[in-house]
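What follows is a group of structures, each given as structure tokens.
Paired with chain B in one complex and with chain C in the other, chain A is shared by the two complexes that follow.
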Partner chain A sequence: MTSFIDYLIGGVSNGAVIALMAIALVLIWRATRVVNFAQVGQAMFTTFVALTVQTLTGSWALALVVAMVAGAILGVIVQFLVLRPMRRADTSGAIIATFGVLIALQAAVGMIWGGDAQAYPQPFDNAGVVAFGRIWPISVYDFVVIGVTILLVIALSLLFTRTSIGLAMRASAFNPEVARLSGVRVSRVLTFGWALAGVVGAVAGVLVAPSSTVSPTTFDILLVFAFTAAVIGGLDSLVGAVALGVFAGLVISLVSGLSNSGNAPVVALVLLALSLITKPDGVFGHHKARAV
Partner chain B sequence: MLSITDLTVSYGPVEALNGVTISVPRGEVTAVIGANGAGKSTLMRTLAGLVTPAAGQATLDGEIITRKRPEDIVRMGVALVPEGRSTIPELTVEENLRLGGLWRQKSDRRTTQAEVFDLFPVLAERQRMRADTLSGGERQQLAIGRALMSNPKCLLLDEPSLGLAPLIVTQILHLVRRLADETRIAVLLVEQNAVTALRMADTGVVLNLGRIVQTGPAPAIASDEKLRHAYLGY
Partner chain C sequence: MTSLLRFPGARLVSHAAFVIIIWFLVMRLNDSVDPLANYYIALVAMYATAMFGMVILVGLSGQVSLGNGALMAVGGYVFAVTSLHWQTVPILGVPWNGWWSMVFAAVGGIVVGLLIGGIAARLRGPYLAGLTLGLAVGVPAIANRFPELLGGESGLMLTVPYPEGGYAPVEEEVFVDSSADTLSGDASTMAVPSADAAVSPDDMLTMDNFPTTDASAAVPSVDASVIDPGATDMSGVDLSGTGDLIDASFIIERWQAGLAITVACIAAFIALNLVRGRQGRVWRAVRDDSVAAAVAGISPAKAKVSAFAVSSLFAALAGAVFAQILSYVGPGAFGLGLSLSLLVGVVLGGRSSLLGAVIGGLLLVWLPEFVLSLSEKGGWGDQITNNAPNLIYGLLVVLVVLLAPGGIVGSVQMLIAKVTRRAPKGV
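And now, the complex of A and B:
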């Protein structure tokens, strides 16, 4: 029983990172009906940028901020170079194009920083916290990861519910024509959405890096988990992305702990398939409202 | 005043509008009537910038609005309420309204919102409810309210009566009449429901297969039996 609870606790911070990556996927999907498979490639690129900054300055926080800025810029570049020219093509073409961007980014990272896995310095204490006479499977750094994720989720929900750009983003996602007729410059709003998703993905990358290593393909597995969480969550729903992201973290931790970590992606894909068969709109999807 | 001159729109080889010329003075309601496929919605969508015309132009108080983007046209003072209650069901009533004037100064937006609430008191009562909880008539009021939030000089209404009960249609069209009288907005209305539309309009325009067959005072159009039989089907 103790180990069961330990596995659950140990999965929370990993779940937080998956939730962030799932949010990035949902942000783009809601606005454009495109699943941006390049998101992990963008995150990996910005994590290498962060690693460079961290190596040069020694500052974890500065590296995080630089990665966020780079994530925004890279998101805008991907949208301008690849997605804008494909606006008139169907969305399946655009989705395949995002795969192309992923491969191009992996190649670019390999050329700039090399193809070997590199260690990302551990910014905070990574040892299990000691309390109530035992060592817990959660570290100070895990709390930092969870804290940053909670702050970012709160900031995003405030952005969407309290600001003009947030309302414009929601309106553009639900009904771009009515948004344009209301005077919203929808193409600018979309660009802002790509930048925002880039920032969220960049944070996920920097947060997860110390727990693994960084190489051009390290984050591919994160894509599998984040995509699963986003789809089961309904793809349209930020709440769904957060809830299922954290849930995925717990499941992975349990599966890895009770069997071995190689089984986690298999379990994720089985859950994905089951969800698509039984609840294609996702647990938090709201396609019902669109039909009214 | 909205002036439409020789407007021609083609979808491939099909001409949806052919040399359409209409003047819509401020404070007046101009009703464009015609059967399905006459080009009524194409006319509205072209004026709002969603469709690019092949020839001709439209101006608002002398400024050309054709071949501009929809988001710029609404800022110039022409607001369209598209067919089919164009509210966003996932947003609240207040958010739908705010959306209509998002680009304006907050204080201007507040003033206009108060005016919209005066005109449609039911929207003030339902401010915090999601738009998909409103009835059809209430949602049409919200759609018109959203368009008014841009403080337009010219309001384009595409089939506001579609799918509404006759009593509600009369109420909505009365409100449109009041709007034109009180705010001096130029209203261009397209309707399949010719009888009701002509009863409250100043000018009637009969459109058939993309061409104007008759323009004149609304009562004259309404009482022209030949016109009614030939183009309006009653």
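And now, the complex of A and C:
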């Protein structure tokens, strides 16, 4: 029973990272109705940027900030060069294009930083916290991860509910035509959404990097987990993405702990298939008539 | 000509004739080139087989799938497990040979395809892509779940069932059986003796028309076409290490390529009949407007599931061939990279055309070699050489989707249509 609880506690920070990546997917889906499968490629790129900055300066916080800026820029570039001209293409085209971006970004990462897995320096104490006479399976760094995630989620929800750009984003997502007529510069708002998603993805990448290694394809599995969380959460819902992201982290930690970490992708696959069979619009999603 | 083609079954006959002619020509070509070229031909044929399925699934039925690499894994593993464990075919009791394993791989592929297709038929665009992405990552991981049966992370080495009669002259096939080494399953130790063999000048039996040095250099570079740079598990597997032959007239690569060509031609025959027949129209109708198709009496769900099953059959066949080309199956060989390669190939070649699948296969095999030759001239580092093909693929995919959604074949058709001022053929 103790180990069961330990696995659950240990899964929270992992779940926080999955939640962030799922948020990035949801942000772009809400803005442009595209699932950005290149998101992990962007995150990997910015994580390597962060690794370079950290190696040069030794500052974890600076590396995180630089990665966030790089994430925003990369998001804008991808949206501008690939997805914006894609509006006329069919949905298959947009999906395929995001995979094209993923392939190119992973190759670019391999070209610049090499294909081998590299260790990301541990910025904070990674040993289990000692309290109440025992060692807990959660470290100071895990608290940092969870804290940053909570801050980011609060900031995002404030942005969406309290600011005019947030209102414009919601309006553009709800009905681009009406938003445009009401004076919202929809295409700029969409680009802002991509930049925002890039920032969130970059944070997720930098946060998860110390607990795994970084190589061009390390984050592939994160994409699967995040997509699973985002879809079960409804793809439209930030709350759903966060809740299901954390939930996925817990399940994965449980499964990895009780059996074998190699089973985690299979579990994600089963979860995803089950949720798509039973609730194709997700747990938190709004049921909409399908366009035909 | 058109009047000749009106009798019942004419299309079947003409497709059969066409495929047989192609088969004959490619087999002749295969016999006249060196083993390295045989190896490339085998890879192209293998990719083409899998991508016929991608054309049907992505191009005709409009379902973007990342899972076909995983379906190839199904075929490859069924082939490997049955060929390692069976002496006789269960139930039938007849002596086992390689073709039985292929049949079981095909059946396994269809079953899994129906299963996934049943789920996939309910899903649209990004949901389906995400589910199949999960497949591409999750299915190879299943091998880790059953390390005794499936070999876990290190995969399974298999002795390829070479023919007793058939392609190579029977009486001259004598093997120095190195299967004991082969079955030990350690790819890195396997490469060592064969690399030695490549440099030792007295080993003329395999050296005389067998550019082993080139071949062993080529394997990792072709490996780079499998997009996942982490998937280097198979880079140590040298084809020449699967069995040293006493007689030089039997060339493993040539036999493997012959097998791959034959399977590709069988797949092409099936695909041609489906695509150019009623079923092809059904798939296109559902892709273009599923409501209109349903009004016309077509079941969209059935059409989508059948597209999945057929493409899965082809993927499984390709996987079984791949297993024989590599003499190996492992999670690294069938990872997400392979699935992405298939998508790249079919998009670049032409999403809606079987010819596009072949061109895509050629592109997947040729580009890494081309980049390698450039890098030898330009003196690029490994880091650039290994990643340049994927960078080019990724950028090309984006460009093709933006500018020429029909891929190479579609663009050529458009060009011809412009020149002859006719409407392009419906795709």
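One rule holds for everything that comes next: the second predicted complex is superposed on the first by the 287 of 292 C-alpha atoms of A that agree within 3 Å, B and C clash if a C-alpha of one lies under 4 Å from a C-alpha of the other, contacts with A are read in each partner's own complex, and residues count from 1 in each chain.
Here is the rule we go by: contacts are C-beta pairs under 8 Å (C-beta built on N, C-alpha and C of every residue); 3 or more make two chains touch, one makes a residue touch a chain.
Note that this is a predicted model, so its numbers are computed, not measured.
Trainee: Quick check on the chain A-based superposition: chain B and chain C, clash or fit?
Mentor: fit
Trainee: One more residue to check, A:L272. First (chain B), second (chain C), both or neither?
Mentor: In the superposition, A:L272 touches chain C alone.
Trainee: Which one hits more chain A residues, chain B or chain C?
Mentor: When the residues of chain A touched by each partner are counted, C comes out ahead.
Trainee: If you stack the two complexes on chain A, which partner ends up touching A:V82: first (chain B), second (chain C), both, or neither?
Mentor: In the superposition, A:V82 touches chain C alone.
Trainee: Touch test for A:S215: chain B only (first), chain C only (second), both, or neither?
Mentor: second
Trainee: So in the superposed three-chain picture, is A:V224 touching just chain B, just chain C, both, or none of them (first/second/both/neither)?
Mentor: Only chain C; A:V224 stays clear of chain B.
Trainee: Is A:F124 touching anything from chain B or chain C once the two structures are fitted on A? First, second, both or neither.
Mentor: Neither partner.
Trainee: Quick check for you: in the superposed arrangement, does A:A108 touch first (chain B), second (chain C), both or neither?
Mentor: In the superposition, A:A108 touches chain C alone.
Trainee: So in the superposed three-chain picture, is A:I95 touching just chain B, just chain C, both, or none of them (first/second/both/neither)?
Mentor: It touches chain C, and chain B stays clear.
Trainee: With chain A at the apex, figure out the C-alpha centre angle toward chain B and chain C and round it to a multiple of 10 degrees.
Mentor: Once the two structures are overlaid, it is 100 degrees.
Trainee: Nearest approach of chain B to chain C by C-alpha atoms in the superposition, in Å, rounded to an integer.
Mentor: 18
Trainee: Starting from the residues of chain A touching chain B, keep only those that also touch chain C in the other complex, and list them.
Mentor: Comparing the two interfaces on chain A, one with chain B and one with chain C, the shared residues are 290, 292.
Trainee: Which residues of chain A touch chain C once you look at their complex with the stated criterion?
Mentor: 29, 34-35, 37, 81-82, 85-86, 89-97, 99-108, 110-111, 114-115, 117, 215-217, 220-221, 223-224, 227-228, 231, 235, 260, 262-266, 268-269, 272-273, 276-277, 280, 290, 292
Trainee: Could you please specify the touching residues of chain C with respect to chain A in the complex?
Mentor: 58, 62, 64, 66, 119, 122-127, 129-131, 133-135, 137-139, 141-142, 144-145, 153, 227-230, 289-291, 336-337, 340, 343-344, 347, 351, 383-384, 386-391, 393-398, 401-402, 405
Trainee: With touch defined as at the start, can you tell me which chain B residues reach chain A in the complex?
Mentor: 48, 50, 69-71, 74-75, 79-80, 82, 86-91, 95, 98-103, 132, 146-147, 149-150
Trainee: Using the touch definition from the top, list the residues of chain A that touch chain B in their complex.
Mentor: Against chain B, the touching part of chain A is residues 164, 167-168, 170-171, 174-175, 177-186, 286, 289-290, 292.
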